[in-house]
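The two complexes that follow have chain A in common; it is paired with chain B in the first and with chain C in the second.
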Partner chain A sequence: MWVFFMKGYNKAHVKFAYTALLPIFGLYLILRCWPILESFRLSFTNYSIISPNFSFVGLQNYLKLLSNDQDFRISLINTMLFATLTTIAVLLLAFSITLAMDRRKIKSIGLLQSLFFLPVVVSVVPSAIIWKWMYDPQYGIFNYFLSFFGIGTIGWLVDRSYSMYSIILFVIWKWLGYFMVIFWVGLKGIPGVYIEAAKIDGASNWKLTRFVILPLLKPIIFFSLVMATIKGFTIFSEVYVMTVGSQAAPGNMVKTLTYDIYERAFLYFRAGQANAEAVILFLIVLGLTVIQGKLVRKGELY
Partner chain B sequence: MKKMLFVLIFLIIVMVLALSTIFAAAPVTITLWTGYPERVPVYKAAAADYMKENQNVTIEISPFELRQSEQKFAISLPAGTGPDLFETSHFFAHLFIKNAMLDPTPAKVKEWLDKNFDPPYLGVFTEAGKIYAVPSVHGFQILYYNLDYYKEAGLTTPPKNFDELMAYARKLVKYDDKGNLIRSGISLRISGGGAGVAQKFESFLFPNGGSVIEPTTPGKFKANFANEAGYKALNFYLEALYKYKVDSFNIKHDSEAFVLGLTAQFNRETYVIGEVKKLAPGMNYGIAQIVGGDVQTATNLNVDGWIVPAACKNKDVAWDFVMYLNKDKYLVQMMKEVGWICSRKNVDYSEVYKSEPHFQQVLDRPEDMKMIPAPTAASFTEAYTKFSSRLVEVFADASMVDNKEKIMKFLEDGAKEVNDVLKSNDEYSE
Partner chain C sequence: MAKTKIRYNPSDLISNILLYLFAAAMIFPFIWLVSTSLKLPQHILSWPPQIFPKVFTLANYQAVFQKVDMIRYFINTLRFTMVSTMSIVFTSALVGYIFAKYRFPFKEPMFLIIISTMMIPFQCYMIPLYMMMVKIHAVDTYLGLQLPYLVQAMGTFFMRQNFESLPDEYLDAARIEGASEWRIFFNIALPSFRSALGGLSIFVVSIIWGNLIWPLIITSSEKNFVLELGLVNFQQLYTVDYGLFTAAATVAIIPVIIFFIVFRRQIMEGITLSGIK
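What follows is the complex of A and B.
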């Protein structure tokens, strides 16, 4: 039956390929699809983790979240703000730096690329702890630099005016290298003849970028946009580490949806509600991905 | 003949081996989980001695970060894959008691508990007259104050009430030339996630008769801070931050600030004595009971306990090891090396007192000092965490200082949310 999908190929080869892929498909079903389906199912129950007994409650969990749940509302607003700001900032920065590096033909470009990529390979928890120290009001490097300009100490994480932006800054630092690599690959994939032709026609740097590079980078931009949005909407460890302890960021000020899901499931043992929130998050990310896809694909794809 | 002799010897050897196998105790492995990694050296020492005395027993100790340990207990116990023995706080233990995942302590252990522990430590693990855990260590808040700073400000005795506490803080606070706070007069818990902010806030509620939640009838609770006690406590924080500027968001807090000399005084659990000894051994500081209020002098009481889950296959060995852990030798080691105070009575700590007299001061607490255990409600974490989040927001609002109407409105909204949490777990009653 499934051979139907691969017309023109040798049947025996296709059978072998599918058989070889079966274990991976099996694992994918068990480790990916089944938990997602189970999450959908549990979202309609009052499952609590700690008690083996639970029952079907219909849409109750969804109605609670969408009607009067302050934590959900705050988390949703924070997550949207967080995802929007990080996505815009990180993509703009990554694109600009990569483009600048590509144009300048810097000698030690490998070293620069490694420096930018280094934060990506460092685990989130240790790097978040290091940043927590950098944000320290007394001994942190940020306040130390500000002191040269006569600016007093700032509680970067503790002060509600700065806490969200402090975490965003950390996240930009952490993700920048990853998106730079993506853009780098995209830029290298643009045939040199297009660039040369545009230059011969007298295109300025801005026009070259606007009318040649950006349109040719559309698939890469779409991929980066989707990835950054998903990463922004599902951020957890960065917020978790930054809110642990008495010197940490205030709870609700930086609470995101994934953090709220964690709190509901593992601190309050309201796993039914947590699953409902996870389903809502899934739908939001799915919806945004579809919209972004349509927007970016609008017009010609090269 | 030779053949017969050989067969006889062979049979004797087989019989001896068979008998020795029958009479030798079967190997037993006890897995122990704790959410307090700093206590592990003591548990390891006890386990090593216990294994020497009981060669068939192996004790495997796994420490986890506190919140992580609670999640592991919550997930593994219902699945029957939990440890044979674990240590957790009394309020968290009640989640398992209520969900019938624990058995009461056996008669032998109960008898031993009655002889060796005071009722308050057993009461927090008791449900319907049955005890479910052996108390390990306990903590309660006390006031820590820097004696050098007190001397510098001309203060000779610790404060007795809230007015004195604020007056002292105002004398002790220090600013630089530009008016930036460089030493807080008092370090308050004003930020961070989790339930900690509300728990620390309670030391300012208790003295005036308030608490985040209070028991009403057995198994039922209600919010108890939308009242005068709540107003006084919250306004104290706001005055400290905005009116008298003795604390700030822009300075370090908690024990870290204390050992670094960045605060003059603060309330914290007894374990800080051990921390100061380790991190700032030469520090000249005093301790006192937290200040009293119009109603009482009271502090919180958090007791950790050893629990053997119902699914444990070697309950006798697990309970036996718990009793072994309570030998003087290990309890003294716990106080001396880690700084936690164990709950068993009649332990000779004189050796520790010589090197660290603060512990004696802590244990010789006055008769009138009331110790209020954290409520055993299943809603505890959710109610306290949600109220903490609200508090953190209001601490940042300077317009609230001395504004009774706004403060009461905030407290009433908070109390409603806490009561809603209790109601959703069927734990609310007026």
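What follows is the complex of A and C.
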């Protein structure tokens, strides 16, 4: 049997490959594969992290979530709203700023890019502390800026009708530099001859962007689109920290899917339901990844 | 839409001004943070707000270090980040190298299994992972915090892409000289990909340093808190003291900003690694 497998392989190479690979592969099995499969299995049970006994309940968790679960509905709607708005805003901003940097003569581009990138580098909690302070309804600097325009005070985070949008604004600020660098790399990857040729043909800046740069950037744009959407759908930290402490967003209003999974499993001890929700989230992300694969492949053909 | 003929110099000037104004707005929150942390309590809540403190004080910083063990959080974060980075970079390089340069039975299925874990967000399997930690009594310990971040499929994938460009002739030449396979990996393969390894390290540092969800779930006692969790907890304890929060946040971001200033290029390339490859 072994001889059959070994046919055509270099014995010494196989021995090295297995000695080095198997322990690490074992780690992947234990730390990734097992929990992933377990998460599917437990989504069909009434498991709770505080008690060791559980039984299989079939599709009950899924049915409950999809039929009459207020928290799940709010979380799903919030997550979709959040992912869509953030993605559109971040990508449009990142694209136009990067394009402006590329098309115009800009002084010390490196410095400028670093300034935009700074919020990406600083981790979420300290950033959120700053923003919560700026969003403070009484003493926050945002309301002070608004007062220049004669606009009254806004309860940025605490007001239920604004809280989600305030978090989105914070996340746009946080993610913008990241996508700018991706677009920048994409733009630099366009061979200069294409742009020169278009210029010689007398293309205006608008036409150059629309008919030369945009089509050539298609793969990068599609990639960023799905990347931002997936980041948006799995958002946790940014939303969670905005709900902590006083003058914070009301947790039940800005709940997103991962936030709800966390709450269900670790605060309400309904791990079975939380796992079902995690599987639904996974299916959404998988769907987005598949779409990405298709679009990128299409995009590469220009 | 843009029918107007663009005259170059004025529009370059306007673009510069607009872009730098925008950039100033992007970093304003940090300036405001540091400024607030240096103010006396009565000046923090003054109206209209003062952009720069009238009187500078370090009282907020003193209070932070008295009230919470920032040093401890910092050391915990540093340990978590360094061990994760070393482990993920090493395992990714080794596994990536083997998948790129060796032929062995079950190679494709094993690679597929590893890569498929990359598609699944951590949030989707963190609950069973937590239960695993309960079973091995690793809840609220450093071990429990560390275990999930020993491997990372994204790194393996990235390193395999890189190692594929390593010519087989180099490896064969070393084999003829009598070098062992391990030696070839350490002395030839690894040194040829220093910049890829550096990029990967920075990428890993960026995802581990700011990690909140796993520390939040797995640790509960203050001695095990990482910086992010410590700050969240701090906010819950002292709900309205902005002087304290901003001082604590400043302490937390200063090392990061210094690191960024020193390794600007590498960091910008490293963090967006997943996007470029």
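The rule is simple: the second predicted complex is superposed on the first by the 261 of 302 C-alpha atoms of A that agree within 3 Å, B and C clash if a C-alpha of one lies under 4 Å from a C-alpha of the other, contacts with A are read in each partner's own complex, and residues count from 1 in each chain.
The rule we apply is simple: contacts are C-beta pairs under 8 Å (C-beta built on N, C-alpha and C of every residue); 3 or more make two chains touch, one makes a residue touch a chain.
Everything numeric here is computed off the predicted structure, so don't read it as measured data.
Engineer: Could you say whether A:V244 touches chain B, chain C, both of them, or neither, answering first, second, both or neither?
Structural biologist: Both partners.
Engineer: Classify the contacts of A:L267 with the two partner chains as first (chain B alone), second (chain C alone), both, or neither.
Structural biologist: first
Engineer: Considering only touches as defined above, state whether A:Y144 meets chain B (first), chain C (second), both or neither.
Structural biologist: In the superposition, A:Y144 contacts chain C only.
Engineer: First (chain B), second (chain C), both or neither: which does A:L118 touch?
Structural biologist: After superposing on A, A:L118 lies in contact with chain C but is clear of chain B.
Engineer: May I ask you to decide whether A:S67 touches chain B, chain C, both, or neither, giving the answer as first, second, both or neither?
Structural biologist: neither
Engineer: Applying the document's definition of touching, compare chain B and chain C: which contacts more of chain A?
Structural biologist: Larger number of chain A residues touched: C.
Engineer: Tell me the contact category for A:S55 with respect to chain B and chain C: first, second, both or neither.
Structural biologist: neither
Engineer: So, does A:M253 touch the first partner chain B, the second partner chain C, both, or neither?
Structural biologist: first
Engineer: Which residues would you name on chain A as touching chain B in one complex and chain C in the other?
Structural biologist: 49, 136, 138, 244-247, 266
Engineer: Quick one: in the complex, what on chain C touches chain A?
Structural biologist: 1-2, 6, 8, 11-12, 15-16, 18-20, 22-24, 26-27, 29-30, 32-33, 36, 44-45, 47-49, 91, 94-95, 98, 102-105, 107, 110, 113-114, 117, 119-121, 123-132, 134, 147-148, 150-151, 153, 181-182, 185, 206, 209-210, 212-213, 216-217, 227-228, 231-232, 235-236, 239-240, 242, 245-246, 248-250, 252-253, 256-257, 260, 264-265, 267-269, 271-272, 274-276
Engineer: Where on chain A does chain C make contact in their complex?
Structural biologist: 5-6, 9-10, 12-14, 16-18, 20-21, 24-25, 27-36, 38-39, 42, 49, 97, 100-101, 104-107, 110, 112-127, 129-131, 133-134, 136, 138-139, 141, 144, 173, 176-178, 181-182, 185, 204-206, 223-224, 227, 230, 234, 236-237, 240-241, 244-247, 258, 261-262, 265-266, 271, 274-275, 278-279, 281-282, 285-286, 289
Engineer: Taking the complex as given, what residues does chain A use to touch chain B?
Structural biologist: Counting only chain A, the residues touching chain B are 49-52, 70-71, 136-138, 150, 152-155, 157-160, 243-253, 255, 263, 266-270.
Engineer: State the interface residues of chain B toward chain A in the complex, per the touch definition above.
Structural biologist: 67, 71, 74-75, 77-78, 95-96, 99, 178-181, 189-194, 196-197, 248-254, 256, 260, 262, 381-382, 385-386, 388-390, 392-393, 396, 417
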